[in-house]
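Residue numbering begins at 1 within each chain, and the chains themselves are lettered A, B, C and D in the order written.
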Amino acid sequence: MSCITKFLGAGAVLAFTAGVAAAEPAIIYDLGGKYDKSFNEAAWHGAQRWAKESGKKFREVEIQSEAQREQVLKRLAQSGANPIAMTGFAFADVLNKVAPEFPKTKFAIVDSVVKQPNVQSIVFTEEQGSYLVGIMAAMASKTGTVGFIGGMDIPLIHKFECGYAQGVKSVNAKDKVIVNYTGTTPAAWNDPVKGSELAKGQISQGADVIYAAAGGTGVGVLQAAADGKILSIGVDSDQNYLHPGQVLTSMTKRVDNAIYNVFKAGANLKPGVKVMDLKAGGVAPAMDKYNAKLVTPAMKAAVDKATKGIEDGSIKVHDYTTDNKCPVE
Amino acid sequence: MSFDTIVSILDSTIRLGTPLLLACLAGLFSERSGIFDIGLEGKMLVAAFFSAAVAYVTGNAWLGLLAGIASSMVFAFIHGLASITFRGNQLISGVAINMLASGITVLIGQHWFHLGGITPALSGGARFQDVALPFAQALKGVPYLGLVYDQLISGHSVLVYVGFLCVPATWWVLFKTRFGLRLRAVGENPAAVDTAGVSVVALRYSAIAIAGILCGIAGTYLSCSLAAGFGREMTAGRGYIALAALIFAKWRPWYALGATMLFGLLDAVSNRYQTIDIGMLHIPNQFMSAVPFILTVVILAGFVGKAIPPRAGGEPYVKER
Amino acid sequence: MDRLPTWADAILVPVLSIVIAFAISAIVILGIGENPINAMGIMISGGLGSTYGWGYTLYYATNFMFTGLAVAVAFHATLFNIGGDGQAQLGGLGVAMAALYIPWPNWWLALFGASAAAALFGAAWAAIPAWLQAKRGSHIVITTIMFNFIGSALLNYLLVNVFRPVGSMDPATANFPKATTLPNLSSILGLVGIPFSNQTPANVTFLIALLACLLVWLLIWHTRFGFALRAFGKSEPAARYAGISPVKITMYAMLISGALAGLMSINNVMGESGRLVLNSSEGAGFIGIAVALMGRSHPLGILLASILFGFLYQGGAELAMWTTIPPQLILVIQALVILFTGALDNMVRMPVEAVFHRLGKRRG
Amino acid sequence: MATAETSGRQATAAPTASGSAPAIELRGISKAFGPVQANKDISLAVKRGTIHGIIGENGAGKSTLMSILYGFYKADEGEILVGGQPTPIHDSQAAIRAGIGMVFQHFKLVHNFTVLENIVLGAEDGALLGPSLSKARKLLKSLAEEYELNVDPDQTIENLSVGHQQRVEILKALYRQADILILDEPTGVLTPAEADHLFRILANLKREGKTIILITHKLREIMEITDTVSVMRRGQMTATVKTSETSPEQLAELMVGRKVLLRVEKKPATPGKTVLEVENLKVVDRFGVERLKGVSLNVKAGEIVGIAGVAGNGQSELLEVLGGFTAATGHLRMNGRELDVSGRHSDGQTRRHDGISHVPEDRQHLGLIMDFAAWENVAFGYHNDPAYQRNGFLMDNAALVRETAAKMQRFDVRPPDPKLAAKNFSGGNQQKLVLAREIERNPDLLLIGQPTRGVDIGAIEFIHQQIVRLRDAGKAILLVSVELDEIMSLADRIAVMFDGRIMGERLPEETDERELGLLMAGMKGKAA
């Protein structure tokens, strides 16, 4: 009996502390998991940076299944967390449902647009960043064949693919782009083995640079590329360090900045759509000590030139999601 | 489809078929001794985790392999305790083992590495590197055969070769040795073995121990060779596919090779092509992933070559009074 | 041989098994550097400490009651239906089709129609393994495992290629129309003046699950069919002698089992998410095995075991939210419960029998 | 082996001399399974080179005793001496080392192994199989010549006849150099010809100096082949005598503990109209073996027709077809109405509806559900009876319990607790439970198989009385029993089955056991 009261006591204390910590910001990671070395991990880094700078705490949850999205979202909102950020388009539907139930809570969603008065939607111009890494891939390729491995087969990832292909063709219209997708469900974000098999397949077809836009699956792609002694291109986070000297670059999508800004804004987060484009530093090819030797001056110059072109509007990179078509295939 | 493509798909088949093959042979030993083993998945999963964890910490893939085998054997022993010593339901025990594995790997992984249940990436000596067979380079130029030798036969992880060697080894043990005779007998009629003065319990424990070893190798191959580190649920149903292959193979070693490579091929093809178009027919990817299971059901239904499992399978042995 | 008294068999042994399972779980928690008492505290306050917690606990329990009953009905005929998960997912397909394609005027008609569809689809998915077992002697455990995988591939295909609304990136159906929204437990309890959190997905399906428990109890112990089912389960040759058709019993038992598993999707698909998502059952079919084992295949036991597991799930979710303990802890507890109440039953039972034997001797 | 041969027939030598010590000796063996005392203080000595019979009713403890001897169970008390040496037998391996071989009632063979593989299993010479197999092949050949034990070494067991399978079992023991061979009910499944062959083999073995222990409940076999015989009753050994100095009557008395009632008190039958007519009934089992080869038979109201025969000659199949759970071809008429013998209208439910009740031979596996309570077992098979229904779809369990209590009283089932599970009743009371269920339905025809197998004497009389009472009430009864005594004393007409056929019909007062025995062995009797 006394044992039970002790249990209950401990629970009560914890519930209390949970209540006190209520105004913390929170983040929910998508199925790929916090440590996917890519998309979700970038978000985590942003949250971390905010925590370090502000000295405050934040709450984070990794969901384990599709069906959990709603409970986790509601539970965090109910506990008073504010703002609540979530990574991934897959939250759009439940957020649309949950946001009106908590009008005082601010939400931020990455990669999708949710039109609610208390939601900030953060989208990136992935086609622009992908265009730039496409230029680098084409210039690095000796075989004239480059690869693209996407995660889940959805318009969002086709946006990457299409930008990349446009970049490649802008260097050499005759270059071939081999395209594979990992799957049609969220499991495609987290299947390194399959990623590695796809990469090996592309290598055998002659690809010598492979761009992986596949979340956690990309780890396998980069690994297979390193094993096969060819170059790879990472995505979302800067993945150059994973295989120094063998990752040509990474198409960084500054989800970290986005989350950092969300957390920093706190309860004053502005609703509406926020576009993180090349100009705003939302996307960029990563240049660091790990790939310094791989990036030739010519490559650098080409990228710089294209960056300017995109920023001033002289180069238009087509966004696949506008018409579900790609001009270069 | 070019010759290159075929070779590359077959190459992928070997890589993807190897864990199935090892797990299938594990199931073969266990079920031939009369112990149903739906816990192949779980044993592979713990082995995948512990091998990757130890390989990462020590930087030595071989130590990882040992850890993988040891952890898989611990799970095999739990299964033995439940199904041999305490004569429990072997299927229920298998279900429990699979759940336990998927829970405990994440729990311990999170505790050790704080990476949400995965291990850090393995590199260098922590992974099994591909082995180049002799003359692979030299023969590369030979048309067709050179490509086959260099790409398909050479250049796999040592565990792949171990897996393939296990097939004749299993056949030999099963049909040419005293142990094999007794093992097969205990799966068909344990009373015959018991009255012949041979311990049923010891035989069955040794069978599940072998199953533990083979699942250990299979799991290690997944995390330290095929991939570079452990990921949650990374076995992804391979244990069940191996089980399906075992039925498909009618509990025979050479057939097991065929069945697992067939399923590996299906996997390789479905990786490569999201849909397969044969004339008017569009075969969706999802169908390809279901094919092993559909084939197994067809075999089980007995419309095509009935699969008869070892007769004493699934029944705990109780001495007749 | 000595037999245990009924109460010891039905209560003492399972309770001991659970105690052992929980003790080992506590050791696991200690092993990963956390305090099991704290963890338990969080779970209890999160799962049972508020009507919100109860709401989720009962929501999960509703799922497990259906899958637990599904496993139990088959168990009574010594059929091990391991395919509850696939049947539940297919049931979800039935619910989705009923909800999306039929314009229901109100929720209770929708509930009626969707329940029928869920049961029908679940039963249909159990029918093939059942037929193969009855007519061709294919091992039902293996075939139902295979059907889980086939079912999930099928749903994967359908959700991606057929049911996904144009423009959506989610592999999920469109949202169900408003008219199909089921009243939640808070509004039902509100009718009788009990305040209950309206933030939880617990809904009217919980009452249907209770009704299902009662009906299954009547079916198994108070009908001709139940009598035949149990007779067949205890001894197939004797059943044949008595003119009970093994084929019929196998078919009906599995159809009922599949229908019950399918009915679970009323709760999660219609009551909670309001659309069909991938892997909607979240492994509830497997938890049904634990629930049925723990509840000794008796509806009352299943009800209690379901609530316990519902609590574990809700408590575990809270644990994951407020601590660094991953929610996989629940998988471990669940596995241990299945192991001790199912596979290692004799390990617990034999010492208990020995104790009773000794006590009996002393008294005699 | 050499010592066995030299000392083989010195039966009268001093027991202390090591060369002439009994081949095997048991001292004070006791064994209990929980509360059941299976063996109690059993002592026995068997001389070398003899055939010793152990006889007793079912459940007397014969098989348990032999299982102890073979290391299958460990005795609670007592010791075993082999060749005068105390030999602890912990397991079968120890028994084999001590030169003991056993042929079980249910063969312990691996069905899909070859004869050769079965023989070497457990007695291999080394880790590799090859040498063992070739050695066994040679030895097999010489054994075959020596003892008339011909079997094809490369044949798979499942393709062998039962008789041949038994030879494999004997060969297994001989391959392990057994000097002492235990055979548990070896003739139960054999045709008479096979049984004769077996006895020839046993005689050969005895001549070579082997010691044989033969467990049986058939007096005829004991008288025919054994040198000495022990009688067991209720776990105890009641007597050991020289076969030549005893008689079947004396042994029977020792077996059951008192004078056997050879005649059941009954008035002459007054047969009425024909109730059951069977014509050209044929059954092929799932292995393709023809079990019934055209059986024709009829049973009239108010008579008991007994089917005599060695077990396994189609009696079981006949009962199963009539009872409705084995499909057949041919004709079956009840009260002149044609019934289906296959398809969906030939199941147990339909048969009961047509007035056929059935007390099956194997009551523990077929007649009862051991885990069910008595009341459930009384409803079993009749659970669809409208009388047991309430509100249309529910079963009236309470009424069933009441009805069962009454039936248990009338049939003197003890303890009279309708809620007690069937497994907790003794064999006799279980049988009474089945009889209560089947007889109280007041059927037109009662099928009854082995009514008194494993039943104590008191219950036997009661059961016999009930059968006669039903007959006197004008019902038709078809009785199947392997106990010739039972057939002789109960039946008003006797049909003898052999190899799936009816060899002939006799009236009990016009025949004798010898003639029936000949018919049972497949030979035409004098009046044929």
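As a working rule, a contact is a pair of C-beta atoms (placed from the backbone, for glycine too) under 8 Å apart; a residue touches a chain by one contact, two chains touch by 3 or more.
Since the model is a prediction, treat every value here as computed from it, not as a measurement.
Engineer: Taking each chain's centre as the mean of its CA atoms, which one is most distant from subunit D?
Structural biologist: When every chain centre is compared against subunit D, the largest gap points to A.
Engineer: Quick one: subunit A and subunit C, Cα centre-to-centre, how many Å?
Structural biologist: 37
Engineer: On a C-alpha centroid basis, what's the spacing between subunit B and subunit D, in Å?
Structural biologist: Chain centres of subunit B and subunit D, defined by C-alpha means, are spaced 47 Å apart.
Engineer: Quick check on subunit A: which residues sit in contact with 2+ other chains?
Structural biologist: 184
Engineer: Going through subunit D residue by residue, note those that touch at least 2 other chains and give them in order.
Structural biologist: Each of 33 in subunit D touches at least two other chains.
Engineer: Going by the contact rule already set, what residues in subunit C reach two or more other chains?
Structural biologist: If we look for residues of subunit C contacting two or more partner chains, we find 156, 160-161.
Engineer: With touch defined as at the top, which chains are paired up in contact here?
Structural biologist: A-B, A-C, B-C, B-D, C-D
Engineer: Enumerate the contact residues on subunit B facing subunit A in the complex.
Structural biologist: The touching residues are 4-5, 7-9, 11-12, 15-16, 115-118, 121, 130, 151, 222, 226-229, 231-232, 234, 236, 268, 271-272, 274, 285-286.
Engineer: Show me the residue ranges of subunit B that touch subunit C in the complex, using the header's touch definition.
Structural biologist: 36, 38, 78, 81-83, 86-93, 95-100, 102-104, 106-108, 110-111, 114, 116-117, 237, 240, 243-244, 247, 284, 286-287, 289-290, 293-294, 296-297, 300-302, 309
Engineer: Considering only the defined contacts, which subunit C positions touch subunit D in the complex?
Structural biologist: It is residues 1-3, 218, 221-224, 226-228, 230-231, 234-235, 237-238, 240-245, 357 of subunit C that touch subunit D.
Engineer: Write out the stretch or stretches of subunit A touching subunit B in their complex.
Structural biologist: Answer in residue numbers: 33-35, 62, 153, 180-181, 183-184, 190-194, 196-198, 200-201, 204-205, 216, 219-220, 223, 227, 242.
Engineer: For a test of understanding, state which residues of subunit A touch subunit C in their complex under the given definition.
Structural biologist: Residues 6-15, 18, 59, 61, 64-68, 70-72, 74-76, 78, 89-90, 92-93, 97, 101, 112, 152, 154-156, 184-186 of subunit A touch subunit C in their complex.
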